[in-house]
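Shared between the two complexes below is subunit A, which has subunit B as its partner in the first and subunit C in the second.
This part shows the complex of A and B:
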């Protein structure tokens, strides 16, 4: 009988490699989390001191005097993000519908898909410059919240378009066919059945794009600019959180710097909220 | 060039002549891009009878069926040649309104595909688009369709539960109810029981036998016992051609074409 040999090489080398790979991957993962928590910790530590109800309801402080609040910036950001959604979401969604339902593998669809990917990679400061050129420099030649919202909408567009396309493609063709086979017109099939089947995914795309633009500063720097007054309408320069952080953090006044930290904490909490909401939505989908 | 190689003239073996066919395919060809999948199919579908289409995988059964409601036309590169007459009119003619056509010719697919809405809405959705019913009439139509699909007793208390909450066999009957709600003349069934357990399959076969009292059924099936159990006529497809067409009883006991016999006795396919 021949002796059963499980291995002709000593196992030590393999075992060492195994341990090394495992240790380094765990360390890398821990490092990533470590920096995240460090950032969270610093923002929380520096930002929490100014947090109170009046922080959300007060006008911005004068240099060196009290902390005031971020009401104007908060309202401006919400208004601009809302307007950006009104512009970016329908166009993005319909682009996704075109790519998934009409163009699919056609030459034009491939071109559109390529451009959308390209748009996704354009630095946001370039989008800001573009909005500055076509809107701010055009009559009536001044900075405005509208220009800011326009820039944000352009940034949202590719995210919404690509996630919408991906989510619609996840819906099986059998569902499309069975709807069409009932004599349901194509547009009703898309809006009445596919949108419903993919609704959680579509909502995810919108929320992802909102969370992406809610932290954008560069596209607002030369569009919405900033303002010390309540943003009654968006045709004026408009206060917003990110440019407020940018301006206040670089100012020499201690109270402004504290407000900048507080505003950072608000944005971070908002992003955390959106992420949790997404997790909740996707979990729901898993269950059903 | 795509001129098909010259072959010996091909003749389908026919044991029955169908009087007043509901659907009549004449010299039906079909292409997926450059490759031809159906060759000069001639087939008459008898009214208020069940016609089974059998044959080995890839023989063109489903392809043939999918021409009848023009569902193929939403895919680039798929095209049909020849004629398919419905009440004497060519449904492949460019002017055909495919929406109206599909109202008259319903289709059931291999996998049950309930819409992402309630059981009631699954049935009502298409009805609302095609008929202007009052709420009462709509409710009556939904109940009637669910009864016709032998599903009413099981779901009458769950009408507002999502359609996806039902079992596979129930979902398939929901799809049948949904199709019946459009009051179709013809129901196309593309392997409707291949994704369903044997008990649920038996229920659907029973249902098909009831349905033929009011409409015409064309069913593609891989299951020869199923074809033998429920159909009146059978068409045997092989490599895109109809080899034999005849009365089911005759075909399963005494097939005329040697290929049919080989397939039915399980020597290939």
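This part shows the complex of A and C:
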């Protein structure tokens, strides 16, 4: 009966609704693209004027005069991200190994999995606050690049752990069984065979986590602060790109604001590049 | 067998035994190492909670429950309350979700059913790239480009509408601008999940509906959305979690004022923006404790959202398994 009634219902209203939704969906897609290009264009327009080779190799400018460069901030960011990788990647990777190889279905593993998700969802400013209470307050109030790197490592850890688990689970069990049947001990099987088989995926996870932290500002605000000097080591407040952008953008000096736009352009170009690269890698994987 | 070869065999066997014992030890050590790393994540979550409580303690004991309900923030009198920050966090997140949910649904619809594959690929990549732009760039763009635009064009138009929501001077910065930028920031995440949810609908169901004369919107409304409703609600949790703790972009455009106002044009603050703004200038131990207690509240809110999302998804998997 319902079908019969359906065929007798006038189609105009339904067709109008359909067209309206169609128009709305096209407009929404256009809106998303519009905002993307608006932001990209603004950053490009305001940032490109200061870009030159010396922008990457000079010391920061004094307020009100000249453009200088972002060398110190760039080096500081690279050093902190590097140290964060040294801390976050091994722990994340081995957590992934535990979840994929040893724990798999246990209650403990599902607890760990929940905590990994939780860590992924924690606002990054809270990670900064945590690093502040643990490291900055440990010595009599001492801000340092190490504290910043610690915060970044905590943000990297869950991303690496989850992608590692997923990528290791993609390796077929037959490979594990044949390795064990040859009498290869389990740790050699994991480090020598599984890691090699899942090489590309594991690298993707590391790249993903690096791209996640390289645009982060909030976790560095209370930990690494900023600095006007070359970051020789990370035991002092350390110059870094994102906090420099924040401070310069909020400053009243025109030249500092221009440097902030230039540095934004550098970070954005890097992040868009990495994102497109990751997309490309993942798609290749998908195809094969 | 010559004695010499027997001896060789013997040697080989013992060395095999030794090495297999060695590998057993290494195996166990390796296993414990991975276990320790996995335990680190549990430990971290516990330590974050513990540390926040410990450092917020002076404020917790001084203000008690009144901290959550008082909107006073007066460093001179050492009176602190979280109400304005909590209010701002909830309102800006609500604006973001109200704007982003229908738009991301429409974009997901466009990508899965309306656009030809080549166009869907381009549009999909563009929307995904919105997620690659760091928060601080959204903030700078928001403060220097978008807020003036809101002030000159959008807000005067909205001000003509009746009701208290759009009262007051168009400042550009404020709750509404922050909400719109947050919506933009969570758009790619919502779209990605909704797209997956739509792709999960069995084609047979959709084809049968279409075969009965349904328009494609009817197929979506009556088949895809009910089928994927739980996934869509999961996506909402995800967007909620992202928007609620967003710091830098909001700090730039929300105006940073500890006042609760019914108008969306008014400047306000969120928990995260208050932290970003005031923590480094906190000169009294009590103010620092109060700020850390704000962080604790944010942490507890995220914790609740995550647990709800977790239970929700677990329930979902159970249903699908059946």
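Criterion: the second predicted complex is superposed on the first by the 248 of 288 C-alpha atoms of A that agree within 3 Å, B and C clash if a C-alpha of one lies under 4 Å from a C-alpha of the other, contacts with A are read in each partner's own complex, and residues count from 1 in each chain.
FYI, a contact is a pair of C-beta atoms (placed from the backbone, for glycine too) under 8 Å apart; a residue touches a chain by one contact, two chains touch by 3 or more.
The structure displayed is predicted, hence computed values, not measured ones.
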So if we stack both complexes on subunit A, do subunit B and subunit C clash, or do they fit? fit
After superposition on the shared chain, which partner residues are touched by A:196: those of subunit B (first), subunit C (second), both, or neither? first
Please indicate which partner A:14 is in contact with in the superposed arrangement: first for subunit B, second for subunit C, both, or neither. second
Once the structures are superposed on A, label A:174 by its partner contacts, choosing first (subunit B), second (subunit C), both or neither. first
Once the two structures are overlaid on A, work out the angle subunit B-subunit A-subunit C from the Cα centres, in steps of 10 degrees. 100
Considering only touches as defined above, state whether A:118 meets subunit B (first), subunit C (second), both or neither. second
Once chain A of both complexes is superposed, is A:217 in touch with subunit B (first), subunit C (second), both, or neither? second
Answer with first, second, both or neither: which of subunit B and subunit C does A:185 touch in the superposed model? both
Answer with first, second, both or neither: which of subunit B and subunit C does A:268 touch in the superposed model? second
More residues of subunit A in touch with subunit C or with subunit B? C
Based on the superposed arrangement, let me know which partner A:106 touches: subunit B (first), subunit C (second), both, or neither? first
Just how close are subunit B and subunit C at their nearest CA atoms in the overlay, in Å? 7
Both subunit B and subunit C contact which residues of subunit A? 185-186, 188
Sort out for me which residues of subunit A touch subunit C in the complex. 3, 6-7, 14-15, 17-18, 21-22, 24-29, 31-33, 35-36, 38-39, 42-43, 90-92, 94-95, 97-99, 101-103, 108-109, 111-112, 114-119, 121-127, 129-130, 133-134, 137, 154, 157-158, 161, 185-188, 190, 211, 214-218, 221-222, 225, 242, 245-246, 249, 260-261, 264, 267-268, 271-272, 274-276, 279
Quick one: in the complex, what on subunit C touches subunit A? 23-24, 26-27, 30-31, 33-35, 37-42, 44-45, 47-48, 51-52, 54-55, 102-104, 106-107, 109-111, 114-115, 123, 125-141, 143-145, 184, 187, 191, 212-213, 215-218, 220, 241, 244-248, 252, 272, 275-276, 279-280, 292, 295, 298-299, 302-303, 305-306, 310
Where on subunit B does subunit A make contact in their complex? 69, 71, 74, 76, 98-103, 106-107, 109-111, 113, 115-117, 125-126, 129-130, 162, 164, 175, 178-179, 182
Going by the contact rule set out above, which residues of subunit A touch subunit B in the complex? 104-106, 172, 174-186, 188, 192-193, 196-197, 199, 288
